[in-house]
Amino acid sequence: GNGEDAEEPEAPEVEADEELAAMVPDEFREAEEFVVGVNAEYPPGEFLDDDQETIVGFNVDLFDAVADKLDLDVRWENAPFDNIIIGVDSGEYDAGVSSFTINEDRLEQVNMVSYFTVGTQWFTRSGNPDDVDPDNACGLNIAVETATVQVEDLEARSEECVEAGEEEISIEEFPSQENANETVVSGVNHAGLADMPVVAYAVELTDGQLETLGEQYEAAPYGAVVHEDQDELAEAIRAGYEAIIEDGVYDEVLDEWDVTEGAITEPQVNPDLDE
Amino acid sequence: MTDAGGTVGTADGPPPEEIRAIPVRHPGRWLAALVCMVLAAQFVHMLLTNPAFQWDFMFDNMFTEPVLIGVRTTLLLTVLAMLIGIVLGILAAVMRLSGNPVLATLAWLYTWVFRAVPRLVLAVLFGNIAILYGTIEFGIPFDHYWMPLLGLEGEARIFGIETRTYLRGFTAGLLALALSEGAYMAEIVRAGLQSVDRGQTEAAQALGLRRSTILRRITLPQALRVIIPPTGNETVAMLKDTALVAYVPVTTELFFQLNNIGARTFNLFPMLVAACLWYLAITSLFMIGQYFLERSFHQGERGTTVPTN
Amino acid sequence: MTDAGGTVGTADGPPPEEIRAIPVRHPGRWLAALVCMVLAAQFVHMLLTNPAFQWDFMFDNMFTEPVLIGVRTTLLLTVLAMLIGIVLGILAAVMRLSGNPVLATLAWLYTWVFRAVPRLVLAVLFGNIAILYGTIEFGIPFDHYWMPLLGLEGEARIFGIETRTYLRGFTAGLLALALSEGAYMAEIVRAGLQSVDRGQTEAAQALGLRRSTILRRITLPQALRVIIPPTGNETVAMLKDTALVAYVPVTTELFFQLNNIGARTFNLFPMLVAACLWYLAITSLFMIGQYFLERSFHQGERGTTVPTN
Amino acid sequence: MPVAHGHPEATPSSENMVVAERVYKRFGRLPVLQGIDLRVRRGEVMCVMGPSGSGKSTFLRCVNHLEKINAGRLWVDGQLMGYRQKGGKLYELHDREVAAQRRNIGMVFQNFNLFPHMSVLGNVVEAPLQARGRRGGTRSQIQQHALELLDRVGLANKARAYPRQLSGGQQQRVAIARALAMNPALMLFDEPTSALDPELVGDVLDVMRDLASEGMTMIVVTHEVGFAREVADSFVFMDEGVVVESGAPREVLGNPQHERTRSFLSKVL
Amino acid sequence: MPVAHGHPEATPSSENMVVAERVYKRFGRLPVLQGIDLRVRRGEVMCVMGPSGSGKSTFLRCVNHLEKINAGRLWVDGQLMGYRQKGGKLYELHDREVAAQRRNIGMVFQNFNLFPHMSVLGNVVEAPLQARGRRGGTRSQIQQHALELLDRVGLANKARAYPRQLSGGQQQRVAIARALAMNPALMLFDEPTSALDPELVGDVLDVMRDLASEGMTMIVVTHEVGFAREVADSFVFMDEGVVVESGAPREVLGNPQHERTRSFLSKVL
């Protein structure tokens, strides 16, 4: 975390746990540093601090705590979203932590350790000038970041619209969340939807240009990504999350970032999503 | 010396045998070529054996319907943006060289601004034009200022286009790309026109051809020789820059579609390779077109090659 | 007719007054210029009054230290990538025109592949080269195949470079951009060389200059006239394409830095404008350089302008 | 032949094809034409000689307004070249009008300037085809005429060739055919035979002689003394941008009055 | 002068500067040289005439290997041009060696081909400066020599000008100075005076006469009959790629034996 700046919460101090550290495969324990890929453009999950260098966010603080437990020296490497998965694949990164939602397709490619859940939240311009109703968005232009769970959500809703004989939803997919937000602010699109913490943060920071719409719904887990061959490492990270949940560091972090709604009690490696 | 005439003769009989000389050996060249070829072979070998490529996954996904639609959109955007861009470029280049200071300055400003602004930003801007202007209105400008001065009320606008309705999606993306391309083409066309010998213009003038005819019939066709190769570059670059319309957003676009499959499945690398293969295929198409264009415009030209001896 | 000689005379006395004719009026041109200028004025007015721009916020953030470092990285990458690209381009163009089929094919392959592959993909690839090769090794190729055949064990490799250690960050990004640029420059240089009259090469050959000297002293300098403007284009495009090294990743880069501020503060738009302003400033710098370069190479040339009458 | 001095108010009489009145031309600071006074009657063939750099080419280029003169007046066929005079003021002519004036004047350049991207026939028909709207004539009539012209210069069999496939001499002959294709009233030749093979010079001079007898007015910059003596109606010797001496060719060539003319001719003859 | 017929085994004797043996040259299917046999002795000035397209330029270009001949042999200064003969086989020479051979031969082109991006002085010093490593001479010596050459062609005051600032005549004189700058043993002139003003032709011919008296061997394609008669040691008339007639200039020019020669000369003289 960042020392001086008062705005962002401070990461708590965590002691290494030798038993957990022993679970980490030798190649990582002996390496000088543990490189984690992150796309720091998704506040409050992960983003760049004012100094444009330090990467902060609740996902970051959580994993930092885990790494401390495992006695790993983390180096965060900021990279475009797409690049993180490739980096994990190629061994460029030892892990990827960047608000990755777990889904079936992804589990086929990598190991993912669940540690948080997020719901989907709708938002629109302040005062809802277009009278958007999330449950009846037929015919509207809705902005969303590409390759997120929200895209699938919207596709389902759009199909319902068509079945009900109404106009389909115009799904406007953007390469990044900030581009999507921008079009809602400008009024080009009627509303948007994203992970709850992201929306909450956006509403707060856009000085009342945006407002949330309805309640969050349909929680999905976030997962830390490791290479598909690294089952042991995944297990160690899972144990690390479990340990910080037990000693309260986990709640402390979520509390400071004001995202306690997403807390879970039982981190899992490659969780069964149908449960 | 004056008494020493030359000895000359006229040949008769069948001509002597043809000269078939053994060419100069360039071992360095051959070595370099060999190294390059081995590298290429190793690369291909790696492609085929490296598990990271997941050829099955790639082929399963690179011909799905959304991807094919993406290919169509990309091709359409490339061709249209280039066509509009070339027209804009010729216009700007002619203005720049016209000798008329106002026109030249305008053309220069256009080139300056639209080359400097990244296409990504243009795409974002044109996708969010509503952030700048809610509607694009036609009428007498600055009415908010001068109407009150004249004691008039209301607005001096004749009709407006709701930008949110019309300037979005494909149109907005196309406009962004074409305007940007026009600025680049302006420089290329300018260089082309400047490469034509002034004697050509003078001869045409002396024949009583008009300025526009000279441009169309004499200078531009000769400039094409110089214009075509960099325009080929621009086309190939545009092919890939169409990916930026994702920021408008236009999502029925090749790269976006492939990337999306990759991001959804966390299997990005094979999809990037798929993108490369598609681009290679389309680029090859363009290069064939360029080859025939160049050949037809080299007709009658006295080109140069690097001397071979 | 033979008896009708002409009447001629030699002037004396002071010369008559200078001709100061009233130029042709082009009302259409002026109207167009006016419309453009009004549009520009409206645009500037909008810039200044539209709240979306948040000029204060922009100026506060566009000169912070990380952004300035970003400017330096971007400039450095642009200049280095262009320099390497130009050298590669000249090499490839000369190979292409050499008449040697092996060299020509190699050069053509390079141009074909590296123009088609998007820079983004190259950046990803070079940033993740480990996905292809864990180490880059020097030795006798395909040892896994032929060594067993000869009954040998082990590997015929002399030394290796751990790619993950050396080929990363700035170097990897630079290499990706430079290799891509080389392919584009190859086409530009080729067009330039082809635009030089063959008589020039012949005259130089007749003087006993060697092939390399002719290229360096005669054809290339004359080709520059045609090469410089599209190279200016390439430089300006490269300036913005350096943003792609974010995929390597190199994060001390201008666009990435500005974009990040925008993402953090949910205030993207002013940061995009800031990017445009920075790019405009740097582009202007390049354009000044280009102006002087062009001027120095037009020396002694008989260029063309579009006829002004 | 009387030498006419400064007559600023004179109007071009209808018997003159070209009237130059005190024509001055500078390139930057370099004065090239320093007051040329000169008249060419209809049907007259005028030969111009002079040392290199004396401004012969520049004068021809001024006649068809390829160069704008700095002072003086230049009429061709009764029209002020490039300008319209109205109430003591000069107005530049529109591109369209200048082009129309030039169509009346054929010009053959020292260095050919053929269009390299067009066939020989293409070079010759280009201008007539472009002006077709105004002059009439079908495409095939124009081509027919062009082929006749090519035949006249001995190149009918090269109609489909491209300029670069021709020798220098052949190229110049195409240039002459091209200039004749618009049936101009005045022909300007800038050393038309200097790149021709001696064998073919005669043919070209024959063509020019024919033209003269058909009533074509011509200004010919040439160093072919023989041609000047036989064909020219008048002869002009230029040096350093002024007309040094002029008159009937036989008189000037046979008995030059000026020292400069004498020394020049002594080297040429 | 005896006419030498097909002698495939002959070796170039040291008294000959140029020996051409049954030289054939085609462009694609077009035969341009059809068996040229020809010897030029050291210090000899050979004039070549012939109608347009007869292959005069092509022959000169073959002599310095700008064109590769299709059959026959060509020696200059005892060296086979462009090839090395070893054991009945021909090997192409390396670029470096061909360049060295060419440095011994100066060539002046029909259309100048000056380097437009270099000043006049730059054009003249380019080749000597590039070859400096081999021949020695400081930069200032080379410049001095170049200025002397420019003086010889009457252009010392134009050393700093660029080619486009010169008239055609001036450009050709620079081209001659440039070719002389390497002190070649053989000079090839391709209609060197055809673009020159008559006034200056004399000066250039003087230079060439000087060269001849200094022992320079020259092949001059020209239509200057006067020059051929006065300066040439031998005269060759070419047509359709063969040598039609050759001998002492006065003999051939005064009393041509062949019909083609006669008809050509009747037009030139």
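Some observations on this one:
Note that the chains take the letters A, B, C, D and E in the order they are written out, and that residue 1 is the start of every chain.
Assume a residue touches a chain if its C-beta (ideal position, glycine included) is under 8 Å from a C-beta of that chain, and two chains touch if they have at least 3 such contacts.
What you see is a predicted model, and the numbers here were worked out from it, not measured in a lab.
Shared contact partners of chain B and chain D, listed by label: C, E.
Shared contact partners of chain C and chain E, listed by label, are B, D. Separating the CA-averaged centres of chain D and chain E is a span of 34 Å. Per-chain CA centroids place chain A at a distance of 81 Å from chain E. A separation of 13 Å divides the Cα centre of chain B from that of chain C.
Spacing of chain C relative to chain D, judged by their CA centroids, is 46 angstrom. With touch defined as above, residues shared between interfaces to two or more other chains in chain B number as follows: 52, 124, 128, 131, 197, 199-200, 204-205, 211, 269, 272, 302, 309. Touching of two or more other chains is recorded for residues 95, 111 of chain E.
In chain A, 82, 86, 89-90, 179, 182, 186 are the positions where the chain touches two or more neighbouring chains simultaneously. Those chain pairs judged to touch are A-B, A-C, B-C, B-D, B-E, C-D, C-E, D-E. Partner chain C is touched in their complex by these residues of chain D: 1-6, 8, 21-22, 24, 34-41, 43-44, 46, 65, 68-72, 82-83, 89-95, 98, 212, 233-234, 236, 242-244, 246-248.
For chain E in complex with chain D, the touching residues are 51-53, 57, 110-111, 167-170, 194-195, 197-202, 223, 264, 267-268. Residues 1-13, 15-24, 309 of chain B touch chain E in their complex. Chain C meets chain E in the complex at residues 197, 199-200, 202-211, 213, 217-218, 221-222, 297, 299-302. Residue ranges on chain B touching chain A, taken from their complex, read 52, 124, 127-128, 130-131, 134, 164, 168, 246-247, 249, 251, 256, 259-260, 262-269, 272.
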